[in-house]
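The same chain A turns up in both complexes below, where it pairs with chain B and then with chain C.
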Partner chain A sequence: MAPAGPRSGDAIFASVERVNAELFTLTYGAIVRQLLTDLEEVDEVNKQLDQMGYNIGIRLVDEFLAKSNVSRCVDFKETAEVIAKVGFKMFLGVGASVTNWDAEGTCCSIVLEDNPLVDFVELPDTCQGLYYCNVLSGVIRGALEMVSMKTEVTWLRDVLRGDDVFELQVKLIKQVPEEYPYKDDE
Partner chain B sequence: MGREVSESCIDSLLTEMVSSYCNHFYANKPELAARRIEAIGYQVGHQLSERYTMERPRFSDHLEAIKFICKDFWSELFKKQIDNLKTNHRGTFVLQDNRFRWLARMSLDPTADDAVPQDPSDFAESKAAQAMSMYLYFPCGIIRGALSNLGIPCAVSADISNLPACSFVVRIKA
Partner chain C sequence: MIGASKIKQYSNVLEKPLSKGKQEVSLSAFAFLFSELVQYNQTQVDNIAELERRYGVILLLQTMFLGPWAAGSEIVHNQLCRLEDAGYAVGARCLELLCHREKGNRRETRLLGILSFVHSTVWKVLFGKVADSLEKGTEHEDEYMISEKELLVNRFISIPKDMGTFNCGAFVAGIVRGVLDSAGFPAVVTAHFVPMEGQQRPRTTILIKFAEEVLRREARLG
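Up next is the complex of A and B:
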């Protein structure tokens, strides 16, 4: 039997220290804007945002595991559900849903209807190639890598590009067997 | 109550922003990294003060605007007010937050006197102190941006000689 059950995203979000979302949203916007000025190329900004997200994800996963009390997920399906229902909720305060599973159960979409990152945001014509929320895909990739799953995360739909929701495709590339730091014969 | 996100979101974003500019883009040019971080803060402060003053009458003098920063503006950002405000009545104001939230989780050896720079522009040898002073360019930029949106051009620096208290020194340009 599992020990004390996992906590819901709502319960965790209610218990963590929270801050004014405007500060977060505008700070993220100001960073993107500064990166556009400094890096000039939209593709470079996409890469940088993804990298920043990755770095955040590899650290954030510890907090996630510590506070969520989730036990080991049996499969990738459960992992995706936990990210959408618990992960998004406890950090951003919004829930996401999981859809579009492929037959093998290794590829799905995380759909986000409400996204605090884009409050007040409109992309000018010069930034059409920008994946404004690329930090999020990086966070997911980084966090999953820390729990031994190599993934590819790509945007399928983006409200800033005229779609009705945000849709992130998460594709499991391989599950890396856990390596223990010490071998018996060493 | 407005919308909220977990504090870890803003903490990790700031950490990552500072590290990108200091270790990645301008690894050997801390003054350039500092300028960018300050500029990001400026942008945020400018927009926030625009939002938080929409419903207010115009401030009649500098002191009133500074008081707004100490009370309403700081409360929106940190859920507390500035603890102490001093002025020399000649355009310099010192805003002290006794436990500045963004420094509360940073560790720095308090016994090493020389590790604490008096001002973010003095680069100490210690990496931790340097990271901390880099971090402070962001709130300095926020304050400068907020005041500049209220029509008050100024220079803002931070003093962390009494950690965990942090004092922001605002010098209004004549």
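Up next is the complex of A and C:
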């Protein structure tokens, strides 16, 4: 019997267990607040959020691959499409789109339609350098690293800083070949 | 560009309309986020304990007089405080949001009223179901208990033996304390595991102990 084809983000989101987005939003807010109190420096908080996102991403990718049944992506373009269409939908329930491909196909922008992390949030003047949703960039970086792609993820546009959408730039740095911990002929 | 844009831009977060609260995220997204919160607190508390160790005296005295487990329980206690504080902030905001959205800007002023608000409305909105039970403590007048067979936040968490009494339900205890405190019912709220016969995982009980002034006020109101 042929294996089931990849499922759409909506279908998977409908089949997983869900929780109220507000609990998620408020918990994330509590985390950011705790970090700001402990670390005080906005840059440190950005780094810590990215690190937390990285830790989440390396585990999240397993669940993603298990539930979504996607086959191996042929190139980075397909990877980005899958992240935007299936990944974001499946976990956050929001759609995203991929734009702004560069000539070589290694750098693109993912634009989020909506972001449950920032409901009720406003950045005060003292925290203007804060990338509030930096955890998302860590998640993508961690997840892709587990599938042998080293990437750099940065925020291009952030609604909390005055832009009109959330835009992430994902840049492929290199494909790391799969390393096996044992030798085949031994 | 000619034509109205799809999304109206709000300059101020207070001008945005309040959502209906129907949006959802996947349980695993929340579980991952919560696990990062707990892990972060563990590293922070290790740092505090490390600081204490450098100035060794206090910890040494504690250990000498109270036994070696005391030092460990100090660390656990610190972690619980931090988790509870995180929950407190969530609870305070929940009260405002839910009073406005679900209750038409009315806030409960009676003890039983606020308890049933927590037990049904808050639980329903945050966890998707009302809490399993609400009981009054038999030994003390000021104690009430909300029980849950399996707290949502504890579903994917197992506590290693050396952490002893640590319960991530402290986050939920913090939420309840936040709601009660902001509503004018100061209380001490803790989370406990209660082992049940015939069940593998213990039940979780949120123990609420109200402050003296709350009971005096209740008695006055009749």
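What to note about this one:
Going forward, the second predicted complex is superposed on the first by the 181 of 186 C-alpha atoms of A that agree within 3 Å, B and C clash if a C-alpha of one lies under 4 Å from a C-alpha of the other, contacts with A are read in each partner's own complex, and residues count from 1 in each chain.
The rule is simple: a residue touches a chain if its C-beta (ideal position, glycine included) is under 8 Å from a C-beta of that chain, and two chains touch if they have at least 3 such contacts.
Everything numeric here is computed off the predicted structure, so don't read it as measured data.
When both complexes are superposed on chain A, chain B and chain C occupy overlapping space and clash. Once the two complexes are laid over each other on the shared chain, residue contacts for A:24 go to chain B and to chain C alike.
In the superposition on chain A, A:122 contacts chain C only, with no contact to chain B.
Judged by the touch definition given at the top, the superposed model places A:164 against chain C, while chain B stays out of reach.
Of the two partner chains, chain B and chain C are each touched by A:52. In the overlay built on the shared chain, the residue A:38 is in contact with chain B and with chain C.
Shared interface residues of chain A (contacting chain B in one complex, chain C in the other): 13, 16-24, 26-31, 33-34, 38, 48, 52, 55-56, 59-60, 63, 90-93, 116, 119, 135.
Within the complex formed with chain A, the chain B residues making contact are 2-10, 12-14, 16-17, 19-20, 25, 36, 39-41, 43-44, 47-48, 51, 76-77, 79. Interface residues of chain A, counted against chain B in their complex, comprise 13, 16-24, 26-31, 33-34, 38, 48, 51-52, 55-56, 59-60, 63, 90-93, 116, 119, 135. For chain A in complex with chain C, the touching residues are 13, 16-24, 26-31, 33-35, 38, 48, 52, 55-56, 59-60, 63, 90-93, 116, 119-122, 135, 164. Interface of chain C with chain A (complex): residues 7, 9, 12-14, 19, 21, 23-30, 32-34, 36-37, 39-41, 44, 82, 85-87, 89-90, 93-94, 97, 125-128, 152.
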